[in-house]
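What follows is a set of structures to go through.
Common to both upcoming complexes is subunit A, partnered first by subunit B, then by subunit C.
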Partner chain A sequence: MLFLVFEIGDERYCLEVSRIIEITPMVIFKKIPHAPAYVSGLFNYRGTIVPVIDLSILIAGKPSRPLFSTRIILVDYVSEDKVHHILGLLAERATETISCREEDFQPPGIEVDEAQYLGDVVFDESGMIQRVRIEKLPPENIRDYQQEYEFVALKENNDFLP
Partner chain B sequence: MKKYFNRLKILHKIIISGLIFALPICILLYYMISGFNNNIDFARMEIWGSRLLTPLTRLAELIPEHQLLVRLYLQGDTFAQEKIDVSTKKIDESFAILIAEGKKYEKVLRIDEKSLKAREMEKIHYSKVYKIWQELNKNCKNNSTVQNDIEHEMVLQPIQALIKRLGDTSNMVLDPDLDSLYMMDVAIVTMPKTLGKLSEFLLFGESVIFKGFRSREDIVKFSVFAAMMEEDLERVRQNIATALREDKNYYGSSNSLQANMPPSLSQYESFVTPFLVVLKRFANDPDSRISVAEFLEPARTLLEAGAQLREVSLQELQILLSKRIDNFSNKKLIALSLSLIALILAAIIILIISRGITRSLGKVIDIAGEIAAGNLQQAVESLETMGKSGFNLSNKAEHHTGQNKNEIVQLFQAISTMTSGLDALLTQVRKSGIQVTSSSTQIAAAARQLEATVAEQASSINEVSATSKEISATAQEFAKTMNRVAEMSSRAADLASASMTSLSDINATMKILLENTTESFGKLRTVDEKMGNITQVITTITKVANQINLLSLNAAIEAEKAGEYGTGFSVVAREIRRLADQTAVAAIDIEVLIIETQGAMKEGMSAVETYTDQTMTSTEKIAEISVDLLMAIEHTQELAPQFESANQGMQVQSQSAAQISEAMGQLNESAKQTRDSLVEFKGVTEQLNEAVRDLQNEVARFSISS
Partner chain C sequence: MNQRSRGSNVELFRCWKQIGIFGDFSCPKLAEIVHCRNCNEYNRAGRSLFDREISDEFLKEWTENLTGIKESEALDSISVIVFRIKNEWLAYKALYLQETTNIRSVHRVPLRTNNAFKGVVNINGELLLCVSMADFLEFAPEEDKEKTDLMIYKRMVVINKMGERYVFPVDEILGIYRIALCDLKEPPITLSKSPTTLIEGVFNLNEKKVGLLGEDKLIHALKRSLGS
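Take a look at the complex of A and B:
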């Protein structure tokens, strides 16, 4: 299985590529007043309004730096009522992929209620990589900003360039 | 002597005083009694003398009578023989009485042979006279008339001398009382003399009558004798009248004297008168004839009457004398008995007084002993019981009795007052003692505290002294420092003037620096601009690399989604991504470098800008500072003299501090002395405490009524 690797602070995290719709460069967001701090704002993805969560704020408590490697990862988020939504995740150094099996992941041995989206851990030559569980990611109130999206694997991918 | 007298008891003293008083009284009594005895002896002597005189005067009458009778007998008168015998018998009787009485009283009346011989009068002693009489009586009828006359004269003369001697020795002529004196005169002097003369005259008259004629001389003698008889009678009469008159003034009138004397006198007078008639007739009428019998008969009766009068008066004299003796004896007895009674009474009174005093004093001594032993309570009780048992001790009684109270009662009152006073005093003393003890304890405590305080003070003074020494030292040090500071300030002033020149140099240098800085700022800006150009190129490269990376990533995602159909594509995508990555990394590195250089440049530019500003500010400030510094230098130069005066002040302060130090030393000495005094004071207080304790112990001996 292929996983996208990104960094938050000095730590490395990964997402399974099968859940990723597309990776886009960072754009200017529409700010949402009174939203939680980790909600960076809204942006238009091919005619769809997508909420963006800054994983750096969510996990490390500080916003992502405006680097070229800081990108928006569009993922297929399935809510509890089995409805598909597109969710934008902002993360730094989203430039590498890693290929590994499901068995390689090991449970961390500790589960924190406030961070249930952090899952099992795999390690390579550079160190440990923690898996982010998309289904546990957004808090409940984020759903109000989401639009229903029909996730189709291997959909036309020729017009992702800006 | 005085000590010995003081050692005696009161009773003995009183007895001794009584004896001393009794001694002169006894002596006076003795003299009084001996005076009485003298008077009695005087009277007795008179009585005894009169007793002896009775036979003697009788003899003085009888001897001439006998002589006359003998003469008549010798002339032939036959009747005379019987009469002579009678007369002789009378004379013998008288002599017997004389001898009997004489033996009794001759020594007292000093008519014994020894006394008479001392006066060459031994011939008149009655025994010798009696011998002459016996011879006369034997020879009288045989002798001649002349011889008889001589011999009778020899008997009569010593008798008369003896009468005279007795009159002297028996004090009769010294009789003190008028009545007895006059009676004595009658009985012993006048009447015997008259009768003696009469007897002699009878002899003469008989011889004249017997002769038968009368010479002129005889007639004169007769008339003279008659006148003498009258004179004697008158004297006797007057004497007896005086005696009778004065009798009542001496030991009361004697009844026998008043009764017996007048008849005897009148009888004698009645016989004197006829005899005087005979005598006068015989003297005046030369022719008248008178027989011997006619002449002798009235004479003899007269003689008898005279003798009787003499006898009576002698008896009365003796009665008077014995009355006087009785009187004096009674007086003596009364005086003696009165004196004895008085002495006994005095002795009894002395005993009673001394017993009373001794008993009362004994009680007082007991009470005083109890007080001395400290049993005040008991003493008070004793006094109270005594007050109940008769002594008026209460103050009310004292007021009522006033001055009449007796010394013993006064003494008891005084002791009572003293006891109560002592009681109060002791109570007061005990209280005072306790107070004094507590006070002295407090004083001692205060003294101890004071001592401690003084010690603290001394140490404080020491500290102050040390401190002031330190101050002095510090002040001296400070003065030195000030000196140094003054020097340094003057040096600083020099340095400041030097630094002023340096400052102007700095100013110039700063200006040059400012110009250089501005120049380098311009150069830096040029570099910055060029760096911007490089950055743009690199950014472009980076963007391209980034795009490629992103593309390869999305390609990889799509290849993954395509499954095993996309495997080849995924490899291509990976290769592209690697290429892009290498480019991007290089570009990113350059970008980062440039960005950092740019940041550094910007920072350096701003720093240079700031520096330029600061340099300018500094230049301005240095200019200001140089002005300030100039002023400061002036001030510093001005300061030097001020430092001098401060230095002097500091020296003065140092000296003052030294003086303070000395004064503190003296004060310390005083404090030490004070502490010593306090130690002494403490000792004295302890002594006081002890004294008070002793006093309390002394007082505790007394049990006082609380």
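Take a look at the complex of A and C:
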């Protein structure tokens, strides 16, 4: 399996590429008042309003820097009622991919309730990489907020999904 | 453009200019990796160019770009290798292409060699059957073309469909191209009625008419002609 690697602070994290729709450079977001700090805002992604979560704030409490290497990872997010949504994740240094097998991942051995979106860990020659579980993102309150904004679901027969 | 950020947050130790391939070659890693472009350091330095600040213009441009509907490529497309045999441009699904090699010598097999079957050829230590497509498809001999400056090399193509492998020489390889299934036209009726035709479809590529060989038809026909 192929994984996209990105950095939050000094740590590396990864996402499975099969769930990624597109990776784009940073854009200007429409800010949402009173939304949690990790919500960067909304943007018009090819006609669909997509909320963007800044993983740097969510994980490390520091906003992603506006660099060329900071990118929006558009992922297919399946909510509990099996509806597909597009979700944007902002992360720094989203420039590398790694190829590894499912069984290369090891459980971290510690589960933090606040960070259930962080999953198993794999390591390479330069250190450990933790996998982000898309389905555990975003936390409960953003899910409510998505409904409030009438998140535009993709049409049922997602043609870009495998 | 935002010039102030350029280089300011990119601290690079340019080792390739000092001890590497552009320096005095004293880097111990060179013995193993041969060239700096194979080195992680070099790679990392290249990637760090992305760590520059983005300008407002760039942000605006991309905000605008992403509002547009993506012009998606045709979903149903296949990847084919395009080659020339005599005067005919043909294509074969890249999925069933094993490799292309330089021309190798073909060893005739006494009493078995016929019009199409030329003998066996050594590909990476394995002896594979070599067929002449030109004779097999009964192509007319090549017309004399005016010589161009372009270098044209003859190659051998190794095809592999479910372990059934054949080698055939081609006069020129154009490369691997992705074509949409909707661009694939039915071959002309006069052609498709001929029993020897193995052409499944015809498509245009840079003003050339290219015939797509049907992989099953081709393998079957080859098998039959070899009587095996």
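Convention: the second predicted complex is superposed on the first by the 141 of 162 C-alpha atoms of A that agree within 3 Å, B and C clash if a C-alpha of one lies under 4 Å from a C-alpha of the other, contacts with A are read in each partner's own complex, and residues count from 1 in each chain.
Convention: a contact is a pair of C-beta atoms (placed from the backbone, for glycine too) under 8 Å apart; a residue touches a chain by one contact, two chains touch by 3 or more.
It should be emphasised that the depicted structure is a prediction, and the values quoted were computed from it without experimental measurement.
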- Taking the superposition as given, does A:77 touch the first partner, subunit B, the second, subunit C, both, or neither? neither
- Identify the partner contact of A:95: answer first if only subunit B is touched, second if only subunit C is, both if each is, neither if none is. both
- Task: For A:25, decide between first (touching subunit B), second (touching subunit C), both and neither.
- Result: both
- Message: One more residue to check, A:66. First (subunit B), second (subunit C), both or neither?
- Response: second
- Applying the touch criterion given at the start, work out whether A:45 contacts subunit B, subunit C, both or neither, answering first, second, both or neither. second
- Partner chain(s) touched by A:4 [first = subunit B, second = subunit C, both, neither]: first
- Kindly classify A:17 by the partners it touches after superposition: subunit B alone (first), subunit C alone (second), both, or neither? first
- Query: For subunit A, which residues belong to both interfaces, subunit B and subunit C?
  - Reply: 22, 24-25, 68-69, 95
- Considering the complex alone, what residue numbers of subunit A touch subunit B? 2, 4, 17-18, 20, 22-25, 68-69, 71, 94-95, 97, 153-154, 157, 160-161
- Okay, in this complex, where on subunit B does subunit A touch? 542-543, 546-547, 549-551, 553-554, 556-558, 560-562, 570, 574, 577, 581, 584, 588
- Message: Considering only the defined contacts, which subunit C positions touch subunit A in the complex?
- Response: 47, 49-54, 58-60, 62-63, 66-70, 72, 75
- Message: Going by the contact rule set out above, which residues of subunit A touch subunit C in the complex?
- Response: 22, 24-28, 43-47, 65-70, 93, 95-96, 159
